[in-house]
Structure formats: structure tokens, C-alpha cells
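Next come two complexes built around subunit A: one with subunit B, the other with subunit C.
== the complex of A and B ==
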């Protein structure tokens, strides 16, 4: 590695330096791109290694696949919308109506990025589960025979958990964008009598659009790929593409089916990744 | 200040406290509370106990703490070397190739972790590359998933580095290897530490790829927490989750302090 930078500086000896990229690139090719290519190959072969293209059509038309696809897209879009709204509200308050300790709170929310996603689901079981605090409280208060709140084991439980987990990914670029907004402009607008809502719409939001688009497309990508939250909720009706791949490969040992679904899932993710890179690159976030 | 009236500000702060409390504070608080709960039949636990932690430390779950720490350390170290190497040597490439390769190094972060695990199972289940059922395949899965983050962090650091130092060093006659070791890498150190910390944290919480490939003797913390809660042992699961959270936070804060001291800020 030490020679890597070495050979760069003098222009005439530039050429040999090009080969220093080979070791890390080869490692990634062997451990990532080769397995990825084999997933695509396996999608065309049945589990005894014979070509079977009809299976692809059967899987793509099957109810379990279509349900999982619809669930994945619904959850991802709803969770991203939720993250954008919650992230925007929190960022506006943190940046423009700060309170003592708001810097610390912003950093605390930021550390959520490093925590495992399933933590939130586990916590939601205690909070909103059928024997959780909210339901027990309501049943005791109103002497109800059955738990009244049961959104947790539905699509909405997953969406709420994902909003919690992925809002920090919106908050971070938004706070960065807001720190560049000229405070003088806001004060001038408000001295001239503009109401806060109008200042947000005409001065602050335009500055936030790049961060919202980049953060939003990152959220779409991460929520499509999310596995831990859905696995921990363990609701029978809420199966997403990653969960279906896990079920087919590990629980049913149906590798061809798993690979077919994985190809669809990877294509969806790479498309969203392209969107994110495009948005982030173009808007300079 | 956007809102000048005091009542207006208070309304907004209450709204903030409500969102923050429900979404972020309540989950952490309830995990802590349930990890200490003795019996929990009402709204609040009937009593507090450290029994779940004692069970977890004595039982097989403690092995998963070790498995997670070792996996996280080795995978992050490998990702740090490979990511730094890739970011440094990418500077030697022409512009077109630099862009393409830079994109390829980022792609592992975009692919769903379950599919990364599935790919490793498909690729390494037959000789000559028979890794299925070994600890190595777990390390590889973690390495692949975190490598893009290390690469991204180090690249960002390199982009912010002023080229002056390196140019001065070489104009003073510093040999390339000497310059890399004594100028470039020390300047990059804060980014390297941050990259290592983030990868370690990501590895500690990784679940999707690990459930696909882990062998029976190498159950990481998240897998262990899942099997505990799946069996209905949610209090022990909560205790183990708290151990995971504390380990991650201690690690991140520790590394942050090291970086702050090194850069004198």
C-alpha cells in the first residue's frame, strides 16, 4: 500500500501506479461481484443444476411474490414519506427555534444511525404490543376486555418502526443544509412582516430541497432493503422481499426461487441507488 | 430565530418533545426498563431485577457477545485496510476509471444484506471454495457489507485533505513510502478512526446477511437476540440488546475521544 501514493507524484512514472487498485478490486470482485453473478445464474437453474426458465415465470406470477413486492413498495414509500415529514419538522425546530440542549439532542438522534434497527421493533412490542404498556393502560383505564390498539402486527407497525430508524438519515443532511441558510435573510423577512409559515415556504424550503431529495432517495433504498424490523415484528401478513428470500432459502431450501426473488430485489435496490447517486451528485449534497 | 412570540415557541418545543419522546426516547427507555423488569403484568413492571443480565452473562448468550466483538473487530480491520488501500490507489487512476471504480466500491452498500448472504451461500458451498458452515463466511459477509462505508469515509477524508502537505513533503525530498506513512496517513487518521468505529457499529448490529450464513457455533448478538425473543424470552432479549447498545455506544464515544485528542479539537 505504501507505494501507492509513491508512484503518483512524478508525471512520467505515473503508469505503474495504476496497478495498485488491483488487490482491493480483486478482493471485492471475488467476495461480492462473483457471488452476485452466481445469484443471477442460479435464478435460471433449478436446485439440481438443470436449466429451468419456466420457474422464473411461475415465481414472478405467484401470489407470494406479488404480495411481497407490493408490501415492500408500500412500506418503503410510506416510511420515506413519514421520515421526510418528521425529519423536516424536527430539523426546522432544531435549526430555527433552538432551545437549551438542542445541539445535544441532535447528536443523540444522530447516534440512532449506529444502533441495530430491530431494537426499535423490540421496544415497540413492549410499548404497543397486545400485552404492551399502551394496551394494558387503556384496558385498565376503560376496563376493556380486549387490547384496543393492534397496529403493531400490520404494515403500519413496520412503517412506524422504519420512520423511527430512518428519520436520522433525513435529519443529518437537512441540518447541514439549514446551517448554510442566511439568518439575516430570515430576520429581514420577519422584520418586514412575513409570517413564519411564509418564511419556511419561500426562504427555507428552497434551500432544503436538495437535502430532502437526496435523503428521501436514501430512505427509499434503505427501507426496501430493511430486514431486521420486519423479521422481529414477525407478522404473518407482512412479508417483504428480503424476508421472502430468507424464508425460501433458509426455511424451505428453495434456492432457485430465492435467487429469482433476489434478482428482482437487487435490481430494485440498484435502481434506487442510481436515483440516490444521481440526486446527490446533481444537487451537490 | 424564526418564531418570535414566546407562546409560539413553547408550542413548537412541546411538539418537538412529543415527537422526540414517542419516536426516540420511549423505545430506548422501554428497552432499558424491560431488561430490568421482574414481572410485567400491568402498565409498569411489578419489580426490578438484574436477573436477566446475570442469566445472559452466565448462559450461552455470552458467547455471542464474544462472537460479535471478534467478528466486528476482524471485519472492520480488514475493511479499513482494503477501503483505505482502494481510496488511496483510486487517486492514481484516470478520471473515467476513477468514477466507475468509485461507484463499484459503493455498490455493496446498496444491495440488500439478505442477498449478500444468499450470494455467499451460492458461491461458497462447493469445493474448491467451501466456506459454508465456517466462521470465515460470517466475517466475509460483514466485510462485504461494511467495506463500502469504510471506503466512503476514507475517500471523503482524502477529498478534504489539502494537497499542500503532500506536495511540500515531496518537494523536500521525502520518499513516496515515507510520505505516505508520515504525512498522508497521519492526516487521514481521524477519518480512519471514524470509519473503523462506524463499521464496527454496523457489524455489531448486522442481522440480514448473518442469519443466512452463520454456523451453529458462531451466533452473533443480533441472531442471539432474535432467537431469544422468537422463543418468547423477550426480557432476556432486551437485556442482551442493552448490552449491544452499551457496547456500541462505548466504542463510538471512546473512538470519538481518541480522535478529538489526536486532532487537538
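== the complex of A and C ==
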């Protein structure tokens, strides 16, 4: 009797561990995997519910899809690079060049994260749009008949807006990483004869590599999937995958096409995420 | 050989090489430091001779680190100048001062191997590869860390990390080495070994000028040629280590350096030809090493705990009587606390009478005139 209890006791103790996985797993399946599976399934069925694999090949070879894919990757990589550069410079200044109000500015930039992404785009339209302050000002000053600045309605306008919106996502982890850099190390480097630029390169940046990777891959993910900014700027010909999905699904009711592109979009996101995990793993982050 | 290799390196390095044998002095010329309205260093004038180890000691917050950081260039003096050798460094950034610095938490670069940590300064100064390799080997050899060159700092013990930090500072052949409590993160045993190692290091680099900030008087007494005692942002005494210990100029110095007993006395006879004066404490007439006291002056007689004996002999001619309050046995030493007319008197004895007196007993204490010194009642109190 007592032996039986003794033998069963460890089993009982292990049981809750197994059992408690069930609710989160069920929730995950319901909220994430089931819709995902629906999308994947829909990608193989035409709009009358009949399997149609030829359509997949047609879409993947179509001009509109390839254009959107190239646009998406270009914008995402360019915006992420921009975010990394701007974020790094800003973070270095905010963290290491003491000036009154630097803490306030850091917090202000932080609140950017809380704002909806299209708001910045709207502000951009007011500033740089064809009827925006910059253009009307220039038109008045030089009595020009047409707005001279129209970069906003191009790929670069989208990139600029995304850089503005997503830089805080780099800035935040960087500031956190920089705040952990031992000031003693910076001072030691300085006493040893290192000038500020060398200190940044050899002492500060190595400590920030995990933050750069984490922030950069987050940016990459967010910009690949960005919808609001691209839609709001409404640049002619700048169609990205999310925009294409929206167009096909909502405007053309071409659900299979939309789902095929969505699957590609999801694969791209997951691929990027995998790449990030791989890089992070290699660096021992 | 290495002089040839030097030609490719920076101006600062050449300077450092030139002075390597001779060493540089460090001169504080009325240096004051304030944070806002809070003055943490009152105009300080102090000279550290070439090749000298100056220990700066004092209680927490007395301004030791501030003074050291002013030399390093991290604290800007509100007034005054700092010179290293012939150079006025007051307006130079830290990276142009040609110094070495080691701080309490080592501040090694965590993502660099030991050898790269040590090579960092030389690389920053643009030294060539061969010279770097030679110096890194040298510096690691000096601190006995050659076997650890390929390790990362996190793979080392605290004591080993501190050795690497010292090697890193030495590799650039600094004019002056600044040490700010370099051993206080280590435990007592390792600290004792490291103190001896730093002493050995200095013997092998006799030209190296060292400013050693610590609050540990043992480190200061063991290592320093001279000691400066800081108090509330001022140097309250400064002098050769043995001198300061044997003849403390004021009460604070006497108590801070070696916890001296200070017995209030009245001078009876001023100092004579042999350097001794007589003074009265209650009924006891005592002889002590004097300065310029006059008869009738109120004075303090400074006696170190280890110089008080419970047994009389021909040299211990001074005698006072106190009431035994506490006995602490510590193995090789026994600490006694007595009350001598209201003044607590500490005794550290290696040998004790066979019958140890009980607390409350009246106990005579004996000490030699040569082990005492008189200091003025009001100086620096």
C-alpha cells in the first residue's frame, strides 16, 4: 500500500506539468493555427471550393506578385537599415552625450511606439505632401506652378515614413543595452588612449549587438507586414504584399489569389524570424 | 630594439617611453573640484615625485576618487592646474594624458580575450603588430597571467581579472598609474597577496609613479612611499609613510592611520636635547618624543596599541594605570580595552602575563618613550 503510494507520487507530481500545457495550446490552436490552416487551405482551392494548383503557379509567376514581393523586400530592408542607422546615432547621443532634457527626449521618442503608424504618415502628408507645408512654401517663395517636392509618393517616401515610425523600436533596446554598458569600461578605454569613435566601435557596439539584432529583426518583420503607412501614402505603383492581399481579397474578392500571397507573406515573416533566431543563437544571445 | 619599434607609434607613446626610466611627477596646483555649489575638493596642492607611490587614504566621501579622476581627466577642476611631468594636462582629454588606470571593478572589456584587453591601449595608439605582441607578452608575464591570454574575462576569478586590468594598464607604459581601490573587491587573503605583488611590480618598474587610492590603511602602509590623508575634501596630512605613522601631526592622522591611543597630557618640560619632553597625565609623569611644546601646553600623547605592554622592563619606563574593560582573543594577538581616567586605551598584545586579569581589575600599562609622540591638542581636530 505504502509502496504503491511511493511509486505513484512522482507520477502525480509530473501530471500537472503535462495538463497545464493543454489550455494555452488549445488557445494557440484556436486563435493562431486554425486561421493559419484556413488560409493555407484556401490557397489550394479556387473560389468555388475546387482544388486548383495551377492558380498557385500562375500567381507566383505573375508580374503583380513579383513586383509586390520586390517592393516589399526593398522597402523593408531599406527601412530597417535606415532605422538601424538613425536609431544607433540617436541612441548614442541620448545615452552618452549628456545634455539637459535628454531623458525627456528619450521618453518622448518612446511614446511614438504607442501611436498608430498611419498618424506619422498623415503628418508627413501635411509636411511633404503635394499640398503640404514644404511644397506650398516653396511654390509661394519661388512662384512655381507645380509642387516641386514629390518624393513622398515614391518608394522612398514609404521608406522615410517607416524609418520615422520604426526607429523607436531600435532605439528602445539600444538605450536599454547602453544603460548597461559599464561606464568604467568606457573610462578605461579612454585612459588607454582610445578616442570616442574607437570606444563606440570597440567597447559600446559589441555590447549592443544583441539589441541591434533584436531591434533590427523586429523592424524587418514589422516593415514586411506594414500596411497602414503604405496605404496612407498611396504612392502610385508602390504595392507591397499586404496591400496586394488587401486589394485581391477586399476589392476584387479573389480569395484564392489573396490567400496564396498571404501564405508567401507568412512564409517570408517566419523565414525572417528563423533567420533572426539563427543569428541570435550563433551570437549566443 | 624596442626604441626602433617606437618610431611608428603616437607622440604620447614616445613621451611615455622617454620617461619610462625616469618617471613623471604629478603635481596638483591648487586644484579644487565642485559639483554645483558643493565643493568636494578644496584647493589641493600636492606633489607626487617621479617613481613614488603615494597612497591617498581617508574616510568615505573625503574626495580621494575625485582627486584621482581629476588626474585622469574625468573630473574638471573648478580651479587650479594639474601637471604630469612637464605637461599641463588640465585641458587635455583623458586619451591624451598617457596614464594607466585600474579601478575597483576591473572594467575589463567582456567581449575581448585577455590578450586583446591588454593590447587595447597599444592598438588605440596605433602601435605596430610586433610591438603589441611583445608588450602584451611582457605585461601578462609581469602579472603572472601568461597562461590565461586566450581566456575571456568571465572565465577568470576576481584576483585574476584584477591582474589583467593591471597588465592592461601597464602595457601602454603609462607615465603614471592610477589605482582606485584596486583590491577592495577581493577577499582578505587574495588582497594580501596582491598588495605584495603590486609592491614587487613597483620594484621591477621603479620609474612608475603610482597614485594609490584606498581606504585600507594596511595597503597604504605596506605599499606607499608617502601617504596623503584626506578629510572632507582637504589633505589633512601628507608625508613619508613611516614618518606619518611614527609622528602623526594631528589627531585625525593618528587615529585614522593605525588607530592610535591619544592620552591627554599637560607638558611639564619642553623637548630636551634627546628629543624627549615630559608631560603629566593625572599622577603619572610620562616621557615622550616631543616637537615644540611649551611647559603648560595641553597636548596629546600618541601611543600605538602594539607598543603598550602589560609587563614592565628596562625600556618601558612609562607607566599608566587603567581599568580593564574588554578582552578579545584573536589567536596571535589579544586585544584589550582599558579605561584610563575616561580615555579608552586599546592594547594589542602578543604575550600576556600567565594570570590574565579579569575585566574590572586595575591594570598597569608600560611603554617606551621612543614609541610615543606628542601632538598638539587642537591640530586638525
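One rule holds in what follows: the second predicted complex is superposed on the first by the 256 of 285 C-alpha atoms of A that agree within 3 Å, B and C clash if a C-alpha of one lies under 4 Å from a C-alpha of the other, contacts with A are read in each partner's own complex, and residues count from 1 in each chain.
Just so it is clear, a contact is a pair of C-beta atoms (placed from the backbone, for glycine too) under 8 Å apart; a residue touches a chain by one contact, two chains touch by 3 or more.
Because the structure is predicted, anything quoted here is derived from the model rather than measured.
Undergrad: Per the contact definition in the header, classify A:182: touching subunit B only (first), subunit C only (second), both, or neither.
TA: second
Undergrad: On subunit A, which partner touches more residues: subunit B or subunit C?
TA: B
Undergrad: Using the touch definition from the top, say if A:89 reaches subunit B (first), subunit C (second), both or neither.
TA: Only subunit B is touched by A:89; subunit C is not.
Undergrad: Contacts for A:266 in the overlay, against subunit B (first) and subunit C (second): which applies, first, second, both or neither?
TA: first
Undergrad: Should A:66 be classified as contacting the first partner (subunit B), the second (subunit C), both, or neither?
TA: In the superposed model, A:66 contacts neither subunit B nor subunit C.
Undergrad: Applying the touch criterion given at the start, work out whether A:202 contacts subunit B, subunit C, both or neither, answering first, second, both or neither.
TA: In the superposition, A:202 contacts subunit C only.
Undergrad: Touch check for A:192: first (subunit B), second (subunit C), both, or neither?
TA: In the superposed model, A:192 contacts subunit C only, not subunit B.
Undergrad: Could you give the residue numbers on subunit A that contact subunit B in one complex and subunit C in the other?
TA: After superposing on chain A, subunit A residues 187, 190 contact both subunit B and subunit C.
Undergrad: Show which residues of subunit A lie in contact with subunit C when the two form their complex.
TA: 182, 184-185, 187-195, 198, 202-203, 206-207
Undergrad: Quick check on the complex: what are the subunit A residues that touch subunit B?
TA: That would be residues 1-9, 14, 17-18, 20-21, 23-25, 27-28, 31-36, 38-39, 42, 86, 89-90, 92-94, 96-97, 99, 105, 108-109, 111-112, 114-120, 122-127, 133, 136-137, 140, 163-164, 167, 186-187, 190, 196, 199-200, 204, 221, 224-225, 227-228, 231-232, 234, 241-243, 245-246, 249-250, 255, 258-259, 262, 265-266, 269-270, 272-273, 277 of subunit A.
Undergrad: For a test of understanding, state which residues of subunit C touch subunit A in their complex under the given definition.
TA: Residues 10, 12, 72-74, 93-101, 103, 105-111, 120-121, 124-125, 165, 168-169, 172, 178.
Undergrad: Which bits of subunit B are touching subunit A when the two form their complex?
TA: Residue positions touching the partner: 1-4, 8-9, 12-13, 15-16, 19-20, 23-24, 26-28, 30-31, 33-34, 40-44, 81-86, 88-93, 101, 103-108, 110-116, 118-124, 140, 143-144, 147, 166, 170, 175-177, 179-181, 184, 198, 201-202, 204-205, 207-208, 211-212, 222, 225-226, 229-230, 234, 237-238, 241, 244-245, 248-249, 252.
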